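The same chain A turns up in both complexes below, where it pairs with chain B and then with chain C.
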Partner chain A sequence: MLSDTLRRRLLDALGDGALLESPEALAAYAVAATPLFAGAPAAVALPTTTAQVVAIVRACGEAGVGIVPRGSGTNLSAGTIPDRGGLVLCTARMNRILEIDAANWTAEVEPGAVTASLQAAAAAQGLYYPPDPGSQRISTLGGNVAENSGGMRCLKYGVTRDYVMGLEVVLADGSVVQTGGKNVKDVAGYDLTRLFVGSEGTLGIVTRILVRLVPAPQARGTVLACFAGMEEAAAASAAVIAAHVIPAALEFLDRATIAAVESYQPSGLPTDAAAVLLIEQDGHPAQVADDLATIARVCREAGASDLRTATDPAAADRLWAARRAALPALARLGPVLIMEDATVPRSRLADMVRAIDAAARGQGLRFATFGHAGDGNLHPTCPGDARDPALMARIDRAFEEIFAAALALGGTITGEHGVGLAKAGYLPWRLSPETMAAMRAVKRALDPGDLFNPGKIFAAPRPRTGSALHA
Partner chain B sequence: MLSDTLRRRLLDALGDGALLESPEALAAYAVAATPLFAGAPAAVALPTTTAQVVAIVRACGEAGVGIVPRGSGTNLSAGTIPDRGGLVLCTARMNRILEIDAANWTAEVEPGAVTASLQAAAAAQGLYYPPDPGSQRISTLGGNVAENSGGMRCLKYGVTRDYVMGLEVVLADGSVVQTGGKNVKDVAGYDLTRLFVGSEGTLGIVTRILVRLVPAPQARGTVLACFAGMEEAAAASAAVIAAHVIPAALEFLDRATIAAVESYQPSGLPTDAAAVLLIEQDGHPAQVADDLATIARVCREAGASDLRTATDPAAADRLWAARRAALPALARLGPVLIMEDATVPRSRLADMVRAIDAAARGQGLRFATFGHAGDGNLHPTCPGDARDPALMARIDRAFEEIFAAALALGGTITGEHGVGLAKAGYLPWRLSPETMAAMRAVKRALDPGDLFNPGKIFAAPRPRTGSALHA
Partner chain C sequence: MPDAGFSALPYDELLTCIRCGFCLPVCPTYASTGLETASPRGRLALMKAAADGELAATPRFAREMFFCLECRACETACPAGVPFAHIMEATREVLHERGLSPATASPAGAFAMRHLLPNQRRLRRAVSLAATANRLRLPQLGRRLGMVPPILAEQAAALPPAPGPRRLLDRYAPAGAAKARIALFTGCVMDAMFPATHDATARLLARAGAEVTVIPGQTCCGALHDHAGDRAGAVELAKANIAALEASGADLLVHNAGGCGAMLKGYGRLFADAGEGAAWQDRAAALAAASRDASEALAELWPEGDIGQLDADVTLQDSCHLVHAQKVRSAPRALLGRVRGLRVREMAGADSCCGSAGIYNLTNPEDSAQVLDRKMGAVADTGANIVVTANPGCLIQMRWGIVRHRLEGRLRAVHIMDLLDLAVRGEHATPEAGGRTGQA
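Up next, the complex of A and B:
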């Protein structure tokens, strides 16, 4: 519950209809896309201007009420859950695409602008915004910035960080800072832009975003390669890299994922394959043709049993629709789908696939795994049921083992989903106490009162209890 | 002068021959590549290991003696000048290339490794390290990281920041932090890696660097386009971008630069042209051929009087040698060459060229300008003479006007040379007090005692005295 003073200040700043306190609204914003996490916000603010965000920050700062910023809440690390109450600041009404600058290949947007809308606005001018998180049809750019979102095109095109050129951010003291700009090169002071990217709403509220665009690729084509074993698929992925091809996407789906997709949305994927790789190249038509031929050759040499090349856009789109159906298809397999995001250097992909398999079998679980093979970024998933605590504990232990294995392979606990609440206990597994201390020092410097997204990223270390770790 | 206590601690840590205090050594490290700046170090340390760097940091921290980190000192912002005395920590002996990882397309180096050595080691495995600062034959990777160095390939390939995947850094309290790693995606905590990149040695001492490599391009080719006026050259540059070509380099030289180059190292540049553009493309042979044809066409349409296309490497290399000769050629024109680094969004290139011309004429000076047209990153230069204070004051005023003009065009005071001492007074022209305060807060958080490179980046604002600003 807001105090009367804070409510009055927020209403003064926001006007009617932009401060929600009904039970229905509080229930809606108590949750987000990450299963099994819920909070209890005191209220929800829907600002439309930077000035309103400043007023909210000042009012909440003086009242000592934390602010949980969010867009569409599609992150998968419980990063937008108001688990400590406080005010949810939702950017949904700050959703304008302010400019597509065709001469400088930039776009400026408000944080609530939807990723797919930006992509469409860029495409209308022959330009391209590559980052494509799985939730791109509803995710917001503000959320993409907060999470440093990835997607399928990162191997060639990089992640959100590589496209953000400048930000407007409201800091904890209510000051508004501008970082970066349209200059391709700019070394005037610290790179605050990239400090805010990926900071999960813990350092400030982003109110404007300037991103880089690139010319749309002229051509694209896709190879589907089917393998009798996971090892062969991982070897083929490594062979593509060894051939010095940088594909636009290099995705893989295991047998269980293929089965789920075909049952949910029949797409012609081979249900008898142990794994498939979906590999896209884009660019100059001659490069696409040559690279697809190279990709097909190395996949064949690595043991691909079936190879299909799709160069007409409709056929390629069908294959990619199948890949994009993986998550919704798997989500149908149980009351809740637990999905993780362990990532390894790409050369360790086969080791990581083996470790996932061992962790699942060790706990008597059936996993389905898909993900970004070219990035070493895997999404092992397991259907769960919150009503079955023993099952959930086994899933938990399996994922602990997976994180430990990823770290042992030089990997990380999260490639693209963020830390949020879901991974906060694991972050000290990934980072040394000294590195954690440096991050905390930065947090304290910019948000000394812990106003922004309190409790996210930083938490007490989670003890290692996974059975593999005791072996 | 070091205190006896500090000297003893440093000698204990470093061993013989790695702590220099002779007048000759102190004189050598008092200066660096930026003309007109000199300091007076108390001593010079040449560590070989991270442990020695830690010992130096601890000893200097306790003694309250500042540390000025440097590699080859090739930065052009007086960033490595020990103007407040203290200890120069030179990484020259930490120069190993530790690993080229062909499977993950990464390289790990010590900070004193020379940029060109890394490029050669990568090339030996068919890989490519794109950042190419002008000083690449002697500059160190540690210096590149500190300055977020650019070069000629940034439009297509990005700057140093875009290649650094991870760092080992010694912090002010002597702790050693590891950031990033070989994972293409990793969102575990704040992006400290990119906070350190471009921080000019003010936040920590980098002791290891992990960089990303890319496959070497298969083919390359260059177009030389000659123009009767600067405006036409700027229009041609914009037309290349409008044609959605992303050249590997898009450089320009004005008439004065061409004359200096031809007098220094005859290269066949057209001395009757007002400006030339040198445009390189690399990649798939068919893409290179198509893009060079497009580039030639749009340059012709923009009024190019002469066009040469070089697709054999030797011919292309001769053209690029001419471009790389610009700085040494101009440096011969007077006792000292003052060079600047104003940068604008690429669409404002023609406006910036006009502003440089107006500033030079307003002060009765003859400028020569070259630079990275595709990045909007221009290097106006003027020969000076420290014995002529009136001349130096006019040059100073002209550059002030140039900075003010760049800022008015949405540009910045430094695209790739850094702030250091040389630009510290101008930084508050570029950044708001709120943004400066946020940067200072980060500095205080990580280096509360101002141990690292004290006095760099942050300084009192320089009053605006340029005559154009009074108009």
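Up next, the complex of A and C:
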């Protein structure tokens, strides 16, 4: 419940219909895309201007009420769950695309602008915004910035961080700062832009975003290759890179994912294959043709059993149907789907897939793994059921082993989903006490009152259960 | 106060939502409000909270539930296969029983559901009364006197003129040996307002080689009752339709209203949910299995070659319950593609609701207008001069959009069966005009 004073201040700033306190609204904003996490806020605010955000920050700061920023609630780290109550600040109504600057190849948007809308607006001018998180049709740019979102095109094009040129941010004291700008080169002072990208809403509220665009590729084509063993698939993806081809996407599906896809929506994949690689290239038509030929040759040499190449969009689309079907196919296996994003250097891909299988088997579970082979970012997934605590505990143990294995291989606990609440206990596994202390110092300096997204990222380390793998 | 009625909600189905949010970008009410509570994911969270005893059956909860258009676009977008409408209808049934359903709680709504929709004679008289009132410009007069809200007067002005006498044969003979025996489903609003569309549908199907009968004893499909939460009312009507089809001996039951079709194809589930005995469940499932949209049947039966010819720019507005509930997306497009000379312009968001949504435009006129205004923008972007629909509600709503956006004379709303009939007849009447191939 908000105090009367705070409610009055918020209503003065927001006007009617933009402050929600009904039990129905609180129930709707208590959950988001991360399974198993919930917590009702005291209220929900839907500002439309930076000035309103400033007023919210000042009012909540003085009342000591935490602010949980939220876009479309599609993150997978429980980063938008108000587990400590407080005010949800939802940017859904700050969704304008303010400018596409075709001369400087930039776009300026409000934080609630949907990723796919920006991509469409850029495409209308022959430009391209490459970051493509799985939820791009509804994810917001504000959320992408907060989580430093990735996607399939990262190997060639990089992640959200590589496209953000400038930000407008409301700080904890209500001041508004502008970082960066349209200059390709600009070393005037600290790179605050990069500090805020990936800060998961814990350092300030982003109210404007300036991103870099690139020319849209003229052509694209895809190779689908099936392999009898995971080793061959991993060797093939390594060989593609070794041949100095940087594909626009290099995705893989493991045996369990292929089986799930084929039983949900048969796409003609051989169910005896241990792995399928989907490799896309884009760019100048001649370069694309050349690279696709190289990719096909390399895959054949690596032992691909089935090789299909598509150069027209419709045929390529059919090849990608299997990858697109992965999430729906797996989502139907149980009431909840636990999907993680353990990541390793790409040379350790096969080792990581083996470690995932071993961890799952150790708990008597069957995992399905798919993901971005080109950047070693894997999505081990497991169907679960919140009504079965014993099952959920086994899944939790398996993932603990998976994260430990990723770290042992020189990898990380999260490649693109973020820390939020879901990985907070694991963060001290990944970072040294000194690094954690440096991050806490940044948080304290910018948000001394712990106003923004309290409880996210920083938590006590999760004790190691002590498995056979890591005794 | 938790409501025990909600314990009957299908809990396993509620748990299938993985909360990914992929339904948000296709939800018309989320698009117009930006509110999680007005999104499918949010509504599922609310229904689950109700089932868990955390939310009660209050007027506010009912408002959230009836703000949903039930267009079912979320079901097409959902990766996890959540049967959203099924859960929503179970929730609305509880609200109906508590007197919180806007359609059945008002005396006028309850009267229409019970005495108008199931009775063709009364419904036709009501329609012609409304048309007469319209001709005398009574709604406009009422608006000026402050007795009729402007939005209602605008809706009334968009209603079609009185349809004239119903010229529908009992039987339409096929050209040659019958390829199929089809019973034509006539429904309620469609029959009262657009009887000529039924005649066109029957003639097209007969021309394609089917024997078509307009079977006696059939009545309203019960969809409006079911959406309003009145499941018992829906079952009663369904039983009459099942008996009528069985008595006819037809192979297929063909309908030209997307909403009715979705309901008829869902009879099996309706009877299972309503706890009807195994015998009735089997009979309901048999009717569901025999049901086809007219576009499906026609696409299958029409012989090789063109379906007439027409010189026009058209765009298709999908019927939500045809595309999202019945999953019929390609048949209407394939039919339009076979009309010689027709320029078909695909609309952005063609499968997004127009705001008609059964009687949503009557229960929530302002909300419906918001959805409609976005839709009319998309129609305008196509440059088409005919917007083609496959459901009477959409047809009336498009007519409202045309009046509301002052597009009379530049844009027409036409049922797909009427358009195809026009193409076939036009070609037949003037074979030389467009008949470059020399074929009739």
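In this text, the second predicted complex is superposed on the first by the 463 of 471 C-alpha atoms of A that agree within 3 Å, B and C clash if a C-alpha of one lies under 4 Å from a C-alpha of the other, contacts with A are read in each partner's own complex, and residues count from 1 in each chain.
Keep in mind that, in the parts below, contacts are C-beta pairs under 8 Å (C-beta built on N, C-alpha and C of every residue); 3 or more make two chains touch, one makes a residue touch a chain.
It should be emphasised that the depicted structure is a prediction, and the values quoted were computed from it without experimental measurement.
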Next item on the list: In the overlay, answer first, second, both or neither for which of chain B and chain C A:Thr140 touches.
Entry: neither
Item checked: Contacts of A:Pro345 with chain B and chain C, given as first, second, both or neither -> first
Notebook entry, point to check: Which partner does A:Asn453 reach: the first (chain B), the second (chain C), both, or neither?
Noted result: neither
Next item on the list: Quick one: name whichever of chain B and chain C touches more residues of chain A.
Entry: B
Next item on the list: Could you say whether A:Tyr29 touches chain B, chain C, both of them, or neither, answering first, second, both or neither?
Entry: second
Next item on the list: Applying the touch criterion given at the start, work out whether A:Leu195 contacts chain B, chain C, both or neither, answering first, second, both or neither.
Entry: first
Check: What residues on chain A touch chain C, complex-wise?
Finding: 20, 22-25, 27-35, 44, 46, 72-74, 90, 92-93, 95, 112, 114, 116, 135, 137-138, 327-328, 331-332, 335-337, 385-387
Notebook entry, point to check: Across the complex, what residues on chain C touch chain A?
Noted result: 12, 15-16, 18-22, 24-25, 34-37, 39, 41-43, 45-46, 49, 54-55, 60-61, 64, 79-81
Notebook entry, point to check: Can you list the chain B residues touching chain A in their complex?
Noted result: 101-106, 126, 147-148, 150, 154-155, 158-159, 161-162, 171, 175-179, 181-192, 194-195, 197-199, 203, 214-216, 238, 241-242, 244-246, 283-287, 290, 343-347, 372, 374-377, 410-419, 423, 427, 430-432, 434-439, 441-446, 457
